[in-house]
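One structure, pasted below without further comment.
Labels A, B, C and D are assigned to the chains in the order they are written; within every chain, residues are numbered from 1.
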Amino acid sequence: MDCFISFPKLKCFTLKNFLRRWSSPDPKRSVIIISMEFNGKNILCKRGEKEVFSGLSIKLVPGEIIELHGPNGIGKTSLLRLISGISKPTHGTFYWSDGTVSEYPERHFSRITLIGSADALKPMLTVEENLYDWTWLNRPRPERSTIISALRVFGIDALADTPVRFLSAGQKRRLTLSRLLTVETNLWLLDEPTIALDSEAVSLLKKLLVKHCESGGMAVIATNNDMQIQNTRKVNLLSYARSRQHE
Amino acid sequence: MFNFLANPARFNQVTDRLMPATAGLAGLFLSIGIISALIISPPDYQQGDTVRIMYVHVPSAWMALFIYSFIAITSAIGLIWRHPFAHLSAQAAAPIGITFTILCLTTGSLWGKPMWGAWWVWDARLTSVLFLFFLYLGFMALNKAFDDPSRGEKSAAILALVGFINVPVIKFSVDWWNTLHQPASLLRADGPAIHSSMLTPLFLMALGFIFVAVCVLVTRIKVLLLKRRIRLMRINGGKLRS
Amino acid sequence: MNKLSWFIWHELKISLRNAGDTAVIVMFFLLIALLFPMGIGSSAALLTRIAPGVIWVAAILTAMLSLDSIFASDFEDGSLEQIVISPTPLILIVTAKFTAHWLITGLPLIFAVPIIGLIYDIPIKVFSLLLISMGIGTPILSLIGGLGAALVLGARRGGVLLALIVLPLLVPVLIFGTAAADAVFLGFSPKPPLLLLSAMLLAALAIAPSITTLAIRRALE
Amino acid sequence: MIEVVVEFIIMGGHAYYIWPAYIIATVGILGLWFFSIRELKYQKQILANLKEDISQKTQQRKCN
């Protein structure tokens, strides 16, 4: 019989803890990429009540890219959601070299950028407003110039004032990816970044990834087709799978 | 204590042994209670024999409130310590609570007809039990509203907590509202102090109700455990991990 | 503080871009208030007597109507996930969403009350009390309603379920909101109900945002 | 003897309210008890069948 979760002690909830965990980064010091390891130890992930994978440990060294491979439903997206901190793993922990994610969630969130399969864009807002508001969500008040330069890199700065509902899927995907430029974070989590992208955008994304890794950044990419970037480590989740379909 | 009962296998062993005892006690208390309520206790000098309905109405009101606080406490445990067994027992207790609320409302209106001449009386306590009924309904509806049962349990638990904070507020505001719109001449139900000879059947019936509730709660928890196990077996395909 | 005001402006931009929706909400409020005389008859004395209750019930139903959209659109297009994993505390964003909802649904109702006041010819004293009680009471509708909206995130019949969950919790607001305005008819001072209403507002301000953050985190898990 | 019984039944003229109240109470409690027991047996039945056809499936997998 599967035994239930043991009885963890309730961490004392003091104001000091609350303030320490939720102190937003001081705006003067913009977040420089501090080269820092990130790893997770024997993670067990459940989707609903179904076990997806277990006993997975992952180690990320600065300047390294990991590509997650495996058939559909193996848990690539679930692993990205676990790393990003949206959902907590049933067992196992993720930790940076200076503390676990659950102890300092706010510091963890300021070090990652998640580009999910769904573009989180508001159709009625314009391109620039979408990017501006998303950047202000993650960093103290950005300047308009950084937004426009990010759009220019992805070649959609001409559409700055058109509402997003008039954009094509590829343009929307470029707008979502331009978020990587407005906010310098250590860890990029990309979920199927190359869908709906034309070849020019894909090569642009590869160049950005390489530049990001040279400056000490890291990336985890969940994708089905190979990205052909040099020093990427391919991790196949099949060996950790728990579900009947993949055994 | 929670960790000890948390393991379903151990829970089943313990409850299998205790079940006949509690069921017997429930039957015993109920029978003595009914006999003393209907025959032994004297009719009230003011209300005559209708006071006998009180022996059913008041304990079911107590049970309705008691089970709702049980649900709130187990939900709080489930949320704070992420204890799925607590959510399970809260979900198992809800139908029992809602039955006692319905019992309380029907016997209340049956008592109101001879006393105040109307089936539904806007008495403060009766109205707050009516809203308690809707709180139960919201809890059960939210429990079943999601495809993924663990999602349903969590949001229903949070609703139980918020509802629990609200029960005294609703009671207070309905009291205030009642005194506001109260036509002066109504005879207050609990005017005369309850005579001691009426207290014994009241407590006997209350004890009987409590033991019945415990028995049914344990059976329903077993039912939900079995359902969970069957669901997991279907998903994970026959390979029962240890 | 500027992050809060910025996100309120962000939410207002989204709702006001298609301004038609907000006008629909006020029209719905007027329509409900105008339906009652059709059912109850047009004897002036009766209408003025029930006017505060009618206006409060209409305000609660209108709030129910527009509560569903607070989190549902963000939940579907994935921006709720972006909000949860951003360094800004979630409680700030949730409070901003509730204030934006109040500005879109609560405030226009208070401006629509004078029109209904004329139709029901409410005396000036009752009318001013009604405005004050609406001013204190409508934020509670947004707060507790928003909490309900977070609970039904991703549920099958979200709209109906939201009303079933939230209406019992709003009963005290309805009782004290109407009592404040009825004080003139029943001849007692309106101060106690208004004070109790503001006490409820403070309690809702304390409880609703924090429990909504818990609900959202558990919803996305 | 019969008048005592009859007088007990009419309950001082309020028989129409007292007896339905007690009947509803007993129906409520017995119904609660009966349905949960029936559900328990039903679920045990499903579990038994499920275990059975899983053990059959594992045997088939072993032999082919």
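The rule is short, and it goes like this: contacts are C-beta pairs under 8 Å (C-beta built on N, C-alpha and C of every residue); 3 or more make two chains touch, one makes a residue touch a chain.
Being a predicted model, the structure only gives us computed values, none of them experimental.
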Pair joined by the larger number of C-beta contacts - B-D, A-B: B-D
Inter-centroid spacing, chain D versus chain B (mean Cα positions, whole Å): 18
Separation of mean Cα positions, chain B and chain A [Å, integer]: 47
Rounded Å distance between chain B and chain C, as computed from the means of their C-alpha atoms: 32
Centroid spacing, where centroids are CA-atom means, of chain A and chain D in whole angstrom: 53
Chain B, residues touching no fewer than two other chains: 147, 151, 229, 237
Residues of chain A touching at least two other chains: none
Chain C: positions in contact with at least two other chains: 221
Interchain pairs in contact, sorted by label: A-B, A-C, B-C, B-D
Contact footprint of chain A on chain C as seen in their complex: 2-3, 6-7, 10, 13-14, 17-18, 74, 77-79, 81-89, 93, 220-221
Chain D residues touching chain B - in the complex, by the definition given at the top: 8, 11-14, 17-18, 20-22, 24-25, 28-29, 31-33, 36-37, 39-40, 43-44, 46-47, 50-51, 54, 57-58
Interface residues, chain C side, partner chain B - complex: 144, 147, 151-157, 161, 164-165, 167-169, 171-172, 175-176, 179, 182, 186, 196, 200, 207, 211, 214-215, 218-219, 221
Residues of chain B defined as touching chain D within the complex: 30, 34, 38-39, 43, 48-50, 52-53, 56-57, 60, 95-96, 99-100, 102-103, 106-107, 110-111, 113-114, 209, 212, 215-216, 219-220, 222-223, 226-227, 229-230, 233-234, 237-238
Chain C partner contacts - residues on chain B that touch it in the complex: 79, 131, 134-135, 137-138, 141-142, 145-147, 151, 154-155, 158-159, 161-163, 165-166, 169-170, 172-174, 176-177, 180
